[in-house]
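We call the chains A, B, C and D, going by the order they appear; numbering starts again at 1 in every chain.
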Amino acid sequence: MQATAELQLIPLGAGVSVRPQIMRVITLLQTYDLLIETHASGTNIEGELHTILAAVAAVHETLHAEGIIRIVSYLKLETRTDKPPTLAGKRL
Amino acid sequence: MQATAELQLIPLGAGVSVRPQIMRVITLLQTYDLLIETHASGTNIEGELHTILAAVAAVHETLHAEGIIRIVSYLKLETRTDKPPTLAGKRL
Amino acid sequence: MQATAELQLIPLGAGVSVRPQIMRVITLLQTYDLLIETHASGTNIEGELHTILAAVAAVHETLHAEGIIRIVSYLKLETRTDKPPTLAGKRL
Amino acid sequence: MQATAELQLIPLGAGVSVRPQIMRVITLLQTYDLLIETHASGTNIEGELHTILAAVAAVHETLHAEGIIRIVSYLKLETRTDKPPTLAGKRL
């Protein structure tokens, strides 16, 4: 089913600035069939629920494989059956 | 101290569509000395930490005074001492 | 890979009290090979990352199939490579 | 007004293990007139909304004064007008 989501990821042990890791997360998300919109506090995502979850798992796995020791991520998921959830429909 | 934040608010018991309440939240936030940026999953905020927290308390209190029975809000707060935290500095 | 997680789920349009839906979420999570610990603000989870994500997807899909129109969930995921992440290891 | 809350705090730049900082957060929260319950993913809180927010601000300010350079915290706030919100009432 279609979903919208927001992903916020924090690598621990990578120092105070985590911009390189966040850039890597965006690059990884863009390899999936998902609509991606970055903002100052995270990344909004639109797409198939299972694709979103597969992408989040891959982000954790890839960052660990590339040397990040600890990752905390916050994923907000929204689904609804009365109409297709879209990022466009959630803008004010 | 200066902070950046993200606020996501969900009124419960207001039905499936909560757009009127979210619009009201934005209007309330805009009465404070804060930089406000809405996006598809919430509202990013920049300003004095205590002003942000006062605004969040006022949002809960005002929406309840206007009839909303139950409110769940998620507030992400970021502070740092090496440089002033800004929304502009967090964009990719 | 092993992960710890916290799931908080809010059904929209189900009224002010959402306890029946939260109880249903717990029942569904318990059908998976996961360690589940409920607390006053959500449910902590320990298990295989992909199993956790499959369970979260199933929770959304099942609640919708049972009549819930809109669901917002917040999933916190933690993974680390220096030692197996466990709920026991995160208690103070 | 009375509220329940959950606080999760992540110090950045403090290394992979952040247990000392989390223990410090608990100690600080306990100096306020609040009911505090720790669990594996955060700390649940019950008390006056303005006291909770004052405590969160003090946690950020104190940890910075003690040398932490960057802090990200996630605060979930719940308020309701049909009955007093309590942690006990939210347990399953």
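Side notes on the structure shown:
By our rule, contacts are C-beta pairs under 8 Å (C-beta built on N, C-alpha and C of every residue); 3 or more make two chains touch, one makes a residue touch a chain.
Please read these numbers as outputs of a predicted model, since none were measured by experiment.
Seen from the C-alpha centroid of chain D, the farthest chain centroid is that of A. Contact count check for B-D and C-D (C-beta pairs in contact): higher for B-D. Put simply, the C-alpha centre of chain C and that of chain D have 21 angstrom between them.
Chain A and chain D have centres, each the mean of its CA atoms, that are 25 Å apart. Each chain gets a centre from the mean of its Cα atoms; for chain B and chain D, those two points are 18 Å apart. Among the residues of chain B, those touching two or more other chains are numbered 12, 16, 69-70, 72, 74, 76, 80, 82.
The part of chain B that touches chain C in the complex is made up of residues 10, 12-13, 15-16, 18, 69-70, 72, 74.
Contact residues on chain C toward chain A in their complex (touch as defined above): 1, 3, 12, 49-50, 53-54, 56-57, 60-61, 64, 68-82. Chain contact summary for the complex, chain A toward chain B: residues 4, 6, 8, 16, 19, 22-23, 26, 37-42, 44, 76, 80, 82, 87-88, 90-92.
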